[in-house]
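Each in structure tokens, the structures are laid out below.
Both complexes below contain chain A, partnered by chain B and then by chain C.
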Partner chain A sequence: MSAIDNNTARQNAGQNRQLSINILRYDPSDPASRPRMQEYRIEESDSMTLFIVLNEIREHQDPTLQFDFVCRAGICGSSAMMVNGRPQLACRTLTRDLPNVITLAPLPFFELIGDLSVNTGKWMRGMSERLQVWLHAKEGETDICRIEERMDPDIAEQIYELDRCIECGCCVAACGTAQMRKDFVGAVGFGKIARFRLDPRDARTDDDYYELIGDDTGVFGCMSLLACHDVCPKSLPLQTQIAFLRRKMAAQGLG
Partner chain B sequence: MTGSRINQGIQRFPVALIRDFPDKGFPDADQCLSKKQVLSSAVFLCPLGATVSHETIFIHAGLADKSRKSRWPARLDLLQSCTGLFLAIFMWLHMFFVASILLGESAMWSIAKFFEGYFIFGKAYPWLVSCVVGFVVLVLVAHALMALRKFPVSYQQWRTIRAHTKVMRHGDSTLWIWQVYTGFLMFFLASAHLYQMFVWPQDINPYLSADRIWSDGLWPFYLALLLAVELHGGIGLYRLAVKWGWPNASREALRKVKWILTGFFLVLGLVTLAAYMKIGYEHRTSVGEPYTPTWALEKNEHRGDGQ
Partner chain C sequence: MKTIMTDVLVVGGGLAGLRIAIAARKRGHEAIVLSLVPPKRSHSSAAQGGMQASLGNVTKGTGDNEDVHFEDTVRGSDWGADQIVARMFVDTAPKAVRELASWGTPWSRVRGGDHEVIINEQKVTLTERMEAHGLIAQRDFGGTKKWRTCYAADGTGHAMLFTTSNQAVCHGVEVHERTEALALIHDGERCYGAVVRNLITGELVAYLAKATAIAAGGAGRLYSATTSAVICEGMGHGLALETGVARLGNMEAVQFHPTGIVPAGILVTEGCRGDGGLLRDVDGERFMPHYEPEKKELASRDVVSRRMEEHIRSGKGVQSRFGPHLWLDITLLGRHHIEHNLREVKEICEYFLGIDPAEKWIPVRPTQHYTMGGVRTDHTGQSPSLKGLFAAGEAACWDLHGFNRLGGNSVAETVVAGMIVGEFIADFCDKPENSAPFPLTLAREFVQREEAKLAAILDGGGSENAFKLYSEMQEVMTRHVGIFRQGDALLAGVAHLQRLLERSADIGTSGKSRAANPELVMAYRVRRMIKVALATAHGAYLRTESRGAHFREDFPHRNDQEWLKRTLAFWPDETASLPSFEYEPLDVTKMELPPGWRGYGAKDYIDHPDTPRRQQEVDAIRSQMEGRDRFAVQEALMPYADKLPASLAGRNERLDEPLETSQ
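== the complex of A and B ==
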């Protein structure tokens, strides 16, 4: 019997779990709206993700439910939400890994659009501009007629590792410091600074990076609670990167 | 005059004042404020000009870090870590010295006297202990001041971080809340203890310490201090390791070491406290009489030295 047949048989036998999905509902654009938890019941199916759950609810139970998805494959970072208290990508979260009762809430910290939908992009853009997370080429070295200098494969690998960040916002939502202090850069920003610091094509020095993150809204504000590291859906080495930046920036204070 | 022009003018106003006053006038004055208003501001600022540095005026104008970011946040961060490291190591050594009572009154007496210089100068100078205590007080105050920067300082911040730790159920974040609790408690407990040791260093003695704990009824104080110190110091050292990336071990391993050390020092501390309570109870009829080992008494009698 195939897996699909098995699943159908189980469903027929009524063996599937009944999931209770509790969702935080709130519409900031409606002055009459008040935050509330709304429960939806849904029968679990094989390999069910929260992406499927939410679409099922919207399609069959409540068309007003707001949430974000784009790629459905953990690449775009749109589906980050608080799942039973932890920020994670709903599209990559299987219901079989969760208990019968599932609580969904929007990511804190970011501007709430409605229900589970938040505007991470707006904040990410602001962060990118504030930290200038683009390549600052060495002056006079941009010559499109010349073949680019080769990069050490190890460095390229390290840069690639940090470039895997999808800006989902999980690290910022998990950060205790960011919850208390809204101007905190957050791990996503540190990861990006660490990435450009590695890049041999970038002309900036630690002195320049200190101007960007050398204060209590930057690396010295980090209290090393490291929830960012623990929840990152891309398993980025945030702990070591932040510690590394802290050492380099602290050295600026002594120099 | 449009609203935006007013704003522009006001933003530039302090800079103009710093750069051009009093000879060249105010380039933007006609755009932002009437001459009379500007002059009255200038008159008000004039007496300050002599004592307030340009840097201070820039900071007050909201222009700090515009030319070069202050290096002080880096130094303050290092100061917090260094003072924390010092206090944690001091606290563990201190625990070993105090626990010497478990080896007998004579051992504890010898260690206390050693720090009073008895074995170097042949005579006890309790003020030497006061000097060490005074230094520890300075380090503690510096550490507390630095740590205050991280405290939740408003009801909103407090409510947010509590909700965050409750929702997240994330070990390291919850440990931090305990660091805040215990740190706050130590503002008072550690200060009271250090004050006592600073003013009455000669009372560090097997019997006098035991009297303080039992007959003076301070054992609940020491119990609370012990719990606060061990939890705070243990968590703090773990935090230092992950914050600076040294030692470069996994967090699981570091956490394990942290709990083993915390457990060890807590047990040692509790047993030591119990030992002092027992001695204090047995000594309750002769409170205030210090302990001196027989061999030291004989030596002192031979020299004609007291205590």
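== the complex of A and C ==
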């Protein structure tokens, strides 16, 4: 990639790149504010991430710039944004992997708080309530003094694999259906259902899951464009899970 | 004045806060959780390696029980822990793991039969019992006699937090996301809630509650190099300190984790070393066995971090443009193990270092990691000096960790303290005398005071830049209050922080928005942070001994004779430039495990005068009771059963310790 070649060439010459960071600015709380692109220039440094870039801009150039970071380690999912048109976690994006001109915009679909900050949390809570993404235990209260129920080690690992979702919102931001219907539960929602469906501790049946996702706001709304799968920062197997769920739900609907 | 009334107000939406709210809901009380961020993004999610609980399922955990976990914890704390609290904790930890299992946490499970592991550079075949197949697995961690750390690959905190957060949704816990408590509402004796700012709209609201719980996490961001999330700014500590009556305990006890990556400071889990990873120096030599022949890489964190810095000082560090570092080598664990059990570590190495840890060594250096100090509470989690104020988790000094926390004990503390303190808070709310009418006039005064402070920042024409003060504070703390401490340097650090405190009264902002405004947020937080930094730095200056993570080069010995006591910092005079300090002695004559050598680290310490006598008593009780079961012996040494909430009492079943069916 030419950006990397350029970078290497400049580093060999003992010179850092000048980056042009173009950010979509808008403050919905201010009636006078209009969406606009604003450019900031910053000198690249070694191991520089977009976390470092944005904080340097805020500390030295523009203290009003809004963005979200929490763990800054790719674990919590706060820093999802559009980086040169693609939803990804800004905290773990190294500038050396990007060209000199970088465009940053907030995730689409979610409610905008300001600049690069969006309210994914509110949407995720709504989705969690709607899909009831907690374990529905088979019996009443467990006696926690007693030895725990056994689980097959492979099943536990498969559940963990799906449980790695960090609710960053990248999959929804990249989703074709979500652009057209706001009530679509998205790949994040399907991932949750797949996770509980796999869990032998959960009492629900496909009949119950059909009630939650057996329509166009659910698994039948998916157009199989599968950008969700391509952009998932945790590389969750969304493609196979959605296909599998759709087959199961179709069978349930026909049955 | 907009007012919201509830039973339990929890400041902080991580594991401890959510678990308290669930406990309150289950007991029929209303609960509101305030969270700076969506709760699933709390720093709890960053716990990687696991949570300690003595289930004893794996072969290397056979024989583990509460007694062994208790002793490891107290030794780890360098005898700073409250031993009653440590007993309550080890007793509840297995229940917490099992509760989470029943709520859906995907704990990694035991596979019966042979498997290969790396122990001390050797491939060893372990045989897991077939009767343990499918039970929750444990891995090795530092400072522990048994393999006790339960885990979900290396995303344990994430898995626990999502489980708990989803349970909170199920139980109807209200979470007010993107809100921040600015001040506790109190009259000097009783806490009634908090003044809360909405971080999106900027609106101030008085939240009034029967019980207020601080579960806002640690203060890692007092330092420039920390593994902590950016929201771990000690604001819970600051809220308590600014009441003038609540005490912060042991703020000078700051943990540095041996393996933060260089330069980003991001954590790679202790599980790397627990699973057999090694520390190497500039020559590629493994150096820990030379310093710590018994525990090697798996001594407690304070000891390993000090040994690493010592080794760097001796010229054995690897030079880089970000300063010297050492290597963490996990290549010997093999690709399969790394890709299954250390996947987050692998991702971090790929994204932030551009290396494959199955092929290459990881550059690491000790990095600020954990705040042992916190809001001082009694065993129920309540502040002894401000009724109705509770605290739990990293924000609290309950005091489970003393001067050094063991790996795997913090994420365990969050849920265990959440369960225990949550029950006590529910008890508190049950009492009719605690439902007295809320003092609305007082609440109004507090809201007006906070409004005035915000107005002074926005409209006062101040000339100081909050971001600059923030980074200067971090530099002072890193330079003067780090792993190795020294009287003169500490005093210089304190003086510098005092100047910063003075300057923080003159902060101005360029943007004037009262709604979402990151500059305003930094402006009001940094002053509170500097106060917490002063409590830490001055506490460290006053403590003229070395204990756990607090190491004074000018006083290198642990001195039980003079310093077997807890530091309490409070800020009674708002205009003062330093907090006040008092000390709470630990009573050796009641200890189940009297002070001694930790089993690693330095062997020279100055005994407390009561220690030899208490040790004799303990030995005598043990020999008189030889043949009696371990529960009877423990009860004779230090009874604690009456301290636990009734709903959490009961012995823990293990494969080797079946429960009577009648129980």
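Note that the second predicted complex is superposed on the first by the 233 of 255 C-alpha atoms of A that agree within 3 Å, B and C clash if a C-alpha of one lies under 4 Å from a C-alpha of the other, contacts with A are read in each partner's own complex, and residues count from 1 in each chain.
In this text, a residue touches a chain if its C-beta (ideal position, glycine included) is under 8 Å from a C-beta of that chain, and two chains touch if they have at least 3 such contacts.
The model shown is predicted, which means the values in this text are computed figures rather than measured ones.
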Combined model on chain A: chain C and chain B, fit or clash: fit
First (chain B), second (chain C), both or neither touched by A:46: second
First (chain B), second (chain C), both or neither touched by A:223: first
Partner chain(s) touched by A:250 [first = chain B, second = chain C, both, neither]: first
Partner chain(s) touched by A:78 [first = chain B, second = chain C, both, neither]: second
Partner chain(s) touched by A:179 [first = chain B, second = chain C, both, neither]: first
Partner with the higher number of touched chain A residues, chain C or chain B: C
Chain B versus chain C - smallest C-alpha distance in the overlay, whole Å: 21
Overlap of the chain B and chain C footprints on chain A, listed as residue numbers: none
Chain B-facing residues of chain A, complex: 82, 85-86, 108, 174, 176, 179-181, 210-211, 214-216, 218, 220, 222-227, 230, 239-240, 243-244, 246-247, 249-250, 252-254
Chain C contact footprint on chain A (complex, rising order): 27, 29-30, 46-47, 49, 58-59, 63-66, 68-78, 92, 94, 113-114, 117, 119-122, 124-125, 128-129, 132-135, 137, 142, 144-153, 156-157, 159-160, 163-164, 166-167, 196, 199, 201-202
Complex contacts: residues of chain B adjacent to chain A: 65, 68-78, 149-150, 152, 157, 160-161, 164-165, 167-170, 172-173, 176, 239, 242-245, 251
Contact set on chain C toward chain A in their complex: 37-43, 45-46, 55, 94-99, 101-104, 106-111, 133-137, 152-153, 155, 158-159, 162-163, 166-167, 169-170, 175, 177-178, 200-202, 229-231, 263-264, 266-267, 321, 340, 344, 347-348, 351-352, 354, 467-468, 471, 509-511, 513, 515-519, 522, 650-655, 659, 663
